[in-house]
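Two complexes, one shared chain (chain A), two partners (chain B, chain C).
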Partner chain A sequence: MINIIVGISLLLTLWLTLFSSANLLCSNMVLGKITTRHVDRWIFIAAFPVFLSVVIYYLLLFNLPANFVFGVMALLVIGTGIFGLPAFSRYIYSSFRHINSRVEYAFIAALSFFILISFFLSLIMPVYSNDLAEYVMLSRYFIDGNTQFIDGERFFENTGFYYIGLHAPGFPLLGAFGDWVFSLHNYGNAVFIKSITGVYAALLLFVSYLYFKKVWNRPIVAVMPIFLFISSYGVIISMVKFHIDTIRIFTILAVVYVILNKNRFSSLYYTILGVVCGLACFIHSLNVFFVFILVFIDFINSDLRGYNKFLKYFISALYIIGLGGIYYLLELTFGSGWVLGEL
Partner chain B sequence: MGFWIKGNILKKLLPLILWFLVAWIFVTALFFTAYYLKLEGDVSSDLALRGLDNPLKLWLHGYLGQFFHFTVMGFLSWLMIPVYIYVFLNGNKVGRPVQGVLLFLALFGVLIAVKGFFNHRYIITLLPAYTVIVFHFVGNFLSRKTSIINPYQLLFSFAVFTSITVLTVSFVSNRTDSDWNAIKMKYYKWISARDHKKKIVKKSATPFATINLLNDTTIPTSVFVNELPIFYYYTNLKGIYYNPLYDFYYSAHGKVKLLEDRSDNEVVAYLTDSLNCRFVFTSKSKNSFNPRFADILQSRFDTLAKDSYYLLFVVKDD
Partner chain C sequence: MGLRGIVIGRSIPWWMPGLVAMAFSALWFIFYSTGPIDSVASYRGIDGTPQKWFNGHLGLFFKIDMLGAVHLFLLPVFIWESLKKKSFFKNSVHLVWGFWISFILVSALAYFNYRYWITFSLPVVAIVFKYLYENLRSKSDKVLIWAIALLLCVQGFNIFAKRIYNKLNTNSITSETGLPQKVDKPVDASILARLTFKPNLVFDFFNKNQVEGAVLLNGLPMFYTHCRQKAFMYFAERDIVYSSIGKSHLLDINTSSDALPRLSLQDLNIQYVLSSSSHNQMFKDFKKWIDENCVLLIQEGDIILYRIEHSHETRKST
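Here is the complex of A and B:
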């Protein structure tokens, strides 16, 4: 029992620190002057851990020692997280400031309960699905300093393991980061990587709640879609199975959201579009195709004309490649060939 | 005057009509899922577990899964049809970004139907986007306050009713009579043996008897792993990773075929002599991917251990 309480407390602390750091570095410093909307800011707070995994990827790509990379990242996150905690707690308070309904209190209580349950399940449930086992194996290799997969190799001769997936290592790298921090406290067992599913499911529900509250301005209406969203058995199963789906869906919906609200981001739209698209690609290979379709449709729909249009979207493309697409380019040119290769 | 009254009444009754329409879809969904899509035959096969084991199910759960896989998607895809019609007819009102995103979702839906239908997790990608879009349009529609009923109460009861119905459908569907008996038996067994079970779980390093046995026994040889990466996570043993569907295993030199051009005896000899594997770690569903490999396991191997997920075989001593 004490192990469970300690485990849940550690998970809560690490996620809070991550988001507090995100709030300070990304939301306050970058987004603060552009938008004050809660949905915008929460999307960027939630995208920060993926950005962190991109930074770790680059550092490992340049063959820096794994312990050094994870250590530096942990110091950065914990340092900025603790430093930014007062601002983050003020921000969380302001997100809920207008609560004036018992229904909304019930929703927040249910969401908190859901997060606790998902952390509890992350601690007690074994790794049993094939896909999760593959991600967890990659995470373990990254923590052990084996960056063979990042260099384009999929077959691990010493164990006989072969990584089959087509996706960039965003999810296992994020899991490796959390589990590296946890291993300092002898709390390995892929607990952090399993908790990612629950956290991003909660974020999906929370951000949709904020969106509907803003659009309809009636607390009870804001909670209604949540009923419908969680009524799908498929979503519940996905949450319990500890899979990549919730973070994959969150990142691609962030892209859809940014495109729908392009007017609000004014001249920074193309940078923001590039960033969210790149991060979406780094989480899942399916997102690469979605991003391609979305950006193509946005390009066709754009009011810009001629050279200016191409220049703006070229800037977006550079961000997409730099923040996620690079993995697929390297795989296509030097690695297994990605979708063109044979798995 | 008379025309105005008729039109006004129609407007007021519209939410009620919509409500009954949606309720009718639910009831249809309930019956459809419970009576026509229940599992039949060999439920251990991967296709049966995915609900794709006959042509009807392949079309309804597979290609058209967005509309008929109620367990996964609820009924949201059906409500997207009026949204598409509205946007198609009133393109200028909604703006180009919304049109663009809806076009994307339509293309994405087609992509999922053609390429990603096998895995229901890909369909779920549409769920949050559909939820936001449907409720955005429904909310705007109800905000006009043309109804004789409070629109928000209507929407609230609608959401609660949906949640309960879809959860019921999910629980009822994909179960056979034997499944129901199995659930009952599991419950009785759990009641009588829960203390005993607790002790077993506490003693073992993992909840899987097969893996515990692998970890507790000194195994001098490699283990032939039938596409179960969990083996590498829970053990420190060397495994040879086999793909049963395409019949090859991964080696340092690339993919190597196992069953092709070999008799059953030769396969067993190849496993034990060339690959130095006397143990096979597998599961019932993975065995169903390759019936010949499963037959070899049944006839030439002994079951050493099994648990709720996995099986461990050892080659029979001659």
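Here is the complex of A and C:
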């Protein structure tokens, strides 16, 4: 029982530190000057862990020792997280201060309860499903300093494991980061990677609620589509069963949100679009196709004309390649050929 | 209010999409109950031409056992709104195009797994809800709440109907596909025991003893996360083993069109097979091979550990 309580506390602390760090680095420094909307801030807060995995990917790509990489990242996150905790607390307080509806209280209480239950299950449930087992194996190799997968080699001689997925390593790298930190406390048994599902499920519901509340301006109305969404059996399964789905859906819906609200971001829109799209690509290969379609449609629909239009979207494309597309380019040129190859 | 008023006018009755959804639910049952062919496809509900289309390629709208009937409401919304002069989607036509192109992409490439359709779920729900809200805004909140309640009832009906249908028809599914009842976790155990279930006897066999030889994993990579024994992945449905030599076939029968080399069990020192009763059924020749060449060592829940008694090479020499 003590183990469970300590484990849940550690998970909460690490996620809070991550989001606090994200709030300081992304929201306060970058977004603070552009927008004050809660949805924008929460999307950037939720995207920060993926950005962290991109940074880890680059550092491992240049063959830096894994312990050094994870150690530096942990110090950075914990340092900025602690430093940014007062600002994050103030932000949370200011967000919740406006709650005056029982529906809203009930919704937030239900989400908090869901996160606690999800953390509890992350601690007690073994790695059982096939896809999760593969991601966990990759994350363990990253923690052990074996980065041959990043170099394009899929067969691991010591165990006989063969990774047959097509996706960039955003999810396992994020899991590796958390589980590296937890291994210092003997909670390194893939607990963090399992908790990602629950956290991003809660974020998906919370950010959707904030968006719907902005659209309809009434808590009772904003909760109704959320109810409809979670009434699907498949949605419930994907939120409860540990998998990549919730973070995949969250990142691609963030892209849709940014495109829907392009007028608000003014000249920074193309940078923000590139960043969000790149991070979505780094999580899942299906997102690459979705991003291509969405950016192409946005390009066609854009009010810009001529050279300026191409330049702006070229900048977006550079961000997309730099943050997520690089993995797929390397796979196509030096690796297994991604979707063109045979796995 | 004539027919034109119902279809094209502003006052579309909110119960009409509900009736459409109910009607399609009945259709879905008809399609679902036709004879299954392939066990993997049967598990995914796409085992036959109508199922492949309705539960697969058009799964976003018709796979209502997993996604719910709310998605089905989007079709009448799209059709009716495209007939109007002032469309519901007038401010976001480009995103509607994005939606349809993405839909075609998933429909063509990733239709086999309902999880990919869930990506669309939240936008679909938001569109359907916005549509209902804008049509019912002039009326009271009660009407809106009752409309949503009806939608939730339709959702619940489909979810529970699928479970009841499966319970009633387990025997017929088993006899036609060879797909057994799912017994991967102990049914009579407590919820906590079921949640924390893993085949500890199998894992202890490798972790607590000095066992020689590698293991062939029939689609169970969880073995890697619990044991340090060397193991190779095998996918019975495609008869492909992934090992240091790349891809190879385990059995004589090539299931795919490409000619892959045949695996030598002795070269890789494979002496055990870890599978499950449901995974065994994925490929009938594999089940036959197991019955002829392997001895059951441990069975725990659905998970079964075999020891290989006669490898290909031994069988040939004898």
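As a convention for this text, the second predicted complex is superposed on the first by the 343 of 343 C-alpha atoms of A that agree within 3 Å, B and C clash if a C-alpha of one lies under 4 Å from a C-alpha of the other, contacts with A are read in each partner's own complex, and residues count from 1 in each chain.
The rule we apply is simple: a residue touches a chain if its C-beta (ideal position, glycine included) is under 8 Å from a C-beta of that chain, and two chains touch if they have at least 3 such contacts.
Owing to the predicted nature of the structure, the values given are computational and were not obtained by experimental measurement.
On the superposed chain A, the positions of chain B and chain C overlap enough to count as a clash. Once the two complexes are laid over each other on the shared chain, residue contacts for A:262 go to chain B alone; chain C is not touched. After overlaying the two complexes on the shared chain, residue contacts for A:121 are found with chain C alone; chain B is out of touch. By the touch criterion defined above, A:231 reaches both chain B and chain C. In the superposition on chain A, contact of A:252 is made with both chain B and chain C. In the superposition on chain A, the residues of chain A contacting both chain B and chain C are 126-128, 130, 133-134, 136-137, 140, 155, 157-162, 190, 204, 208, 212, 215-216, 220-221, 224-225, 227-229, 231-235, 238, 243, 245, 248-249, 252-253, 256, 259-260, 286, 289-290, 293-294, 297-298, 300-301. Looking at the complex, you find that chain C touches chain A at residues 63, 65-68, 70, 92, 94-95, 97-98, 101-102, 105-106, 109-110, 114-119, 121-123, 125-126, 128-130, 133, 141, 144-145, 148, 151-152, 155-156, 159, 162, 192, 195-198, 214, 219-222, 224-226, 228, 230-233, 242-244, 247, 258. Looking at the complex, you find that chain A touches chain B at residues 126-128, 130, 133-134, 136-137, 140, 155, 157-162, 190, 204, 208, 211-212, 215-216, 218, 220-221, 224-225, 227-235, 238, 243, 245, 248-249, 252-253, 256, 259-260, 262, 286, 289-290, 293-294, 297-298, 300-301. The touching residues of chain B, when paired with chain A in their complex, are 69, 71-74, 76, 96-101, 103-104, 107-108, 111, 116, 120-125, 127-129, 131-132, 135-136, 139, 143, 152, 155-156, 159-160, 162-164, 166-167, 170-171, 206-208, 222, 225, 227-230, 232-234, 238-241, 250-252, 309.
Residues of chain A that touch chain C in their complex: 121, 124-130, 133-134, 136-137, 140, 155, 157-162, 164, 190, 204, 208, 212, 215-216, 220-221, 224-225, 227-229, 231-235, 237-238, 243, 245, 248-249, 252-253, 256, 259-260, 286, 289-290, 293-294, 297-298, 300-301, 342.
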